[in-house]
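What follows are several structures.
Look for chain A in each of the two complexes below; its partner is chain B in the first and chain C in the second.
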Partner chain A sequence: MRLYEYEGKILAQKVGIPVPAGKMVDSPEKAREVAGEIKGEVVVKAQILLGGRGKAGGVRFASDPGEAEKVTREMLATRVRDRKVEKVLVEKKLEIVEEMYLGITIDEINKRMILLAGKTGGVEVEAIAQKPGAGFARALVDPFIGVPGFRAKELAKHLGATDKGLGALGNIVSRLYALVQKFDASVAEINPLVKTKDGSYLAADCRVEIDDDAIFRQKELESLGIFPREERGREPTELERKGAEIDRVDHRGVAGRVVEFDGDTALIIGGGGASLTVFDAILKYGGKPANYCEIGGNPTVRKLQLLTELILSKPGVKRLAVVTNVLSNTRVDLVARGVIKGMLNRGLDPRNFPVVFRVPGAWEDEGFRILDKYGIKYFDRTHTMDEAAQYICQMGRS
Partner chain B sequence: MGLFVTVKLNPEECQDGCKSCLDVCPVGIFRIEGGKVKVVADNEDECTFCELCLERCGQKLVEIIKNY
Partner chain C sequence: MSILINEKTRILVQGITGREAATFTKDMMDYGSKVVAGVTPGKQGQKVHGIPVFDTVKEAVEKQKANAAVVSVPPAFAKDAVMEAADGGLSPIACLTERIPKRDVIEMVAYADLKGVKIIGPNSPGVISPAKKAKLGFLGGNNPERAFRPGHIGVVSRSGGMCTEVANLISNAGMGISTAIGMGGDSVVGSTYLDYFPLFEQDPETHAVVLFCEPGGTKEDVLAEWIPGHFTKPVVAFFGGKFVDNMPGMRFGHASVIVRPGSGATKDKTRLFQQAGVRVVEVYSDIPKALREMLQERVKKSGKAISAARKKSRPAKPQAKKIKKTGKAKKAGKKR
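Here is the complex of A and B:
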């Protein structure tokens, strides 16, 4: 779960990383108030879950509270990078002399957290990091040792700190790792990490992503006003919202995570790579996916039934494909039960409505018996997902 | 009766009311109503055939029928 900048900064403050004075607000009047408290020039930053805000007009300066109110009013009325801006962060404008980069993420190859420190930060950091000699230092973190003081200071030195700066910047390095540990973050990035005219170091921006699988134990987040949410790059459609509700019916298995598309072929698929294969195959044979969704972890029959009803409720859907790779921990018979119940509840006769199953795996014999009883065409594991896709696309046409 | 599974249990015959079936069922097929164990019709199709209820019922009063 990606956090907004202001949320990331709340966590940063919690572990002792200095951030500029400021507050998140959701109205121009409150922006004026906060700017008045800060005194002096402020920066108004759109709170969206995307980078590149500066270039898109999502970061603007204001010299007094009146201007902060005006800027906020304009920002809340517009879209930044095609996102509606619902809140802004009003912060003290800093007198920056240096911009650096500091980040921690997971190194998938070494199976460890990795610290990245760059002498150049700011909006172009990704492009800069690709260039040879870009001045980026990398340090893998041993999970049993963490980030000892000397390692933190080494990175601080790499970033150009000397004397007292070594301690101050070293502390930020250690504390960023503490943030990752404390809040189960998979990414924590300070970009830019700035040095101001008075020699202090602050996190001018802060991007944090919390590991979705750890959110259940991150009780402190809610007490800090940070609530679990699903982010997909745009506001969810009604169908997607309902899909998320279905998945919340109970904790058993996944049957939801719906993404709506403008197509005619409803899909019940298993998520991940196999789903992309199904998408490609459907397109190859002239169909158009109406949705993405995920089933897995042995969801209940009821969840599958509700999911089926939902995706078949989309106008323009002509056919249904239930296609997965070999299921090991999801039972085929339970999938068949749920899908058939969903179809019947929608008033669709499985013998007449174009539907295909290619769901081999656990309890498949029972599943095939159910499908046989309702006259549903199915492919077993000797046939590919591609064949099932070809079949259903032809079915819908005839 | 579920579309795919029917779970039968005669509450009148259930003498000791041990509620073992209710305790072991992982998908909530049984409930107590008026002091007696009853089958939740809405949940019958959730039955996974784990047969824990059959195993635990000392009086062998539970019957599971596949409707396919």
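Here is the complex of A and C:
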């Protein structure tokens, strides 16, 4: 789960990482109020879950509360990087003398957390980091030791800290790891990590991603006003919302996580890698998917029936493909029953409506018998998912 | 031979009294794998399909001489279960549990490294070596013989379902599997391609390796870098999810790219694989054809006969005659 900057900064403060004075607001009036409290120049930052805000007009300065109100009003009325801005962060403008980068993420090759410290921060940081001599230090973290003081000191030194700065910056390094551990973050970045004119170090921005699989034990997030949410990058469509409701009908199996597309070919496809493979195949053979929808874990007949009705209700859908890998535990006969019921409820005759099955696996003999009974074209495991995809793409075209 | 597991593998199932675990335990036993013990705290003295249940791994190892583990316990308890298996020296440990917090995964993997044992997964369907009738986990369900015929192709898959699907395709084409591994689809897994490939290189029974890959991460990039000079056998790879390259991506933060360059896009991974001599097929149906071609090229080069065919000891199956007509395999199938 990606956090907004202001949420990341709440967590940063919680572990003792200094952040600029400021507050998240959702109205121009409140922005004026906060700017008045801060005194002096402020920066108004659009809260969206995308980088590159600065260049897109999502970071603006204001010299007094009146201007902060005006800037906020404008920002809340526009879109930044095609995202609606609902909240802004109003912060004290810093007198920055240096911009650095500090991050912690997972190194999937070494199977450890890794600390990243760069002498140059900013939006171009990933390009800079690849250049030789760019001043990026990387340090793997032993999970049983964490980030000991000496490691934090080394990295602080690498970032150019001296005297008292060594301790101040070193603390930020070890506290960022504390944040990751305390809140089960899979990514935590301070970019830029700034040094101000008075020599102090602050997190000018803070990006945190919480491990979705650990949210169950992160009860403290809610008390900090951070609630679990689903990220799609856009609002769910009506069809997607209804799909999610179907998935909640009962807890058995997955059937209903729908992503809607513009095409005419409805898809009920096997989970994980198989769905990726089938979707590619449909596109390759000239098909236009109407949706992406995985099934797995042996969903009930009822869920499959409702799901089938839903995706066939989309205007312009001309064909249906039910294609999965060789299944180990999802029962073929239950899939067949559910889909056929759904078609019949929509008033579609499986003998006439273009539909193909390629669902081999558990209870397949019974499943094939049902498909035969309704005259539905199917492929068994001696034929690939590609063949089924090619077949459905040609159906109803001639 | 095979890698990771064989006829001497004595399996302990952690969480054996759970519904799922009891089911795949039965499937493993029916297949001929040696399940010798189960562990569920507080249930010592019970039996599941005749297999004795213990409170601790320590007792199970002492009494039943288990040497490998399957872990199927809820996510919140998985780290401790895997560490307990590692502490008992069991290897490999196939961790089937999905959705374990990453922080826990990192800790359990570090502990396994410390103990010198290998973790497969988490979020893995397990591993199977058909010629040895050895299987950890639920690959192939209650009928693994159909998808996993004994043979000489190694399989490593990031997707559980596609592990069986790819093996089924290879078996249907008249070839067979030496060892197939569901690597697990998570960003952190106990063992990656780099942990399995040296074993396949050493295994005389493995003549080629097939990979099922997905977009994201840099595991393929790192493998592509490693293969030249280290791996001498043919490798065929397929990527599911090529369409993801064309979806408007939501990038967040820079950290992963700073760790190691790599876009995660399949087109870039494909290019790196090709540069390393890996054959990347566009549709997975073409895997058998690519395998056959690469094995033949290898025969020509070395002058040695390396057969991709199934073991001779096995009676010829009707599918064997398909060897010569894979070219036509794309024709739409007939209804049974």
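The definition used in the following text is that the second predicted complex is superposed on the first by the 383 of 398 C-alpha atoms of A that agree within 3 Å, B and C clash if a C-alpha of one lies under 4 Å from a C-alpha of the other, contacts with A are read in each partner's own complex, and residues count from 1 in each chain.
The definition used in the following text is that a residue touches a chain if its C-beta (ideal position, glycine included) is under 8 Å from a C-beta of that chain, and two chains touch if they have at least 3 such contacts.
Predicted, not measured: the structure shown is a model, and the values here were computed from it.
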Fit or clash - chain C, chain B, common chain A: fit
Touching partner for A:Arg369 - first (chain B), second (chain C), both, neither: first
First, second, both or neither for A:Val59, with chain B first and chain C second: neither
First, second, both or neither for A:Lys111, with chain B first and chain C second: second
Which superposed partner A:Asp380 touches (first chain B, second chain C, both, neither): second
First (chain B), second (chain C), both or neither touched by A:Arg337: first
Chain B versus chain C as contact partner of A:Ala281, first or second or both or neither: second
Partner chain in contact with A:Ala321 - chain B first, chain C second, else both or neither: neither
Touching partner for A:Met75 - first (chain B), second (chain C), both, neither: neither
Residue contacts on chain A - larger count, chain B or chain C: C
Minimum Cα separation, chain C to chain B, after superposition on A (Å): 10
Common interface residues of chain A - those touching chain B in one complex and chain C in the other: none
Chain A-facing residues of chain C, complex: 75-76, 99-103, 106-107, 109-110, 113, 125, 138-142, 146-147, 157-162, 164-165, 168-169, 172, 185, 187-190, 192, 194, 212, 214-215, 217-219, 222, 238, 240-244, 248, 250-261, 282-285, 319, 329-333, 335-336
In the complex with chain A, residue positions of chain B that touch it: 3-4, 27, 45-46, 48, 68
Complex interface listing, chain A residues touching chain B: 300-302, 331, 334, 337, 340-341, 344, 369-370, 373
Residues of chain A that touch chain C when the two form their complex: 2, 49-51, 101, 103-109, 111-114, 116, 118, 125-126, 129-130, 136, 138, 142-144, 180-181, 184, 186-187, 189, 191, 207, 209, 211-214, 216-217, 231, 233, 270-274, 276-277, 279-281, 283-284, 296, 324-329, 361-362, 368, 372, 377-387, 390-391
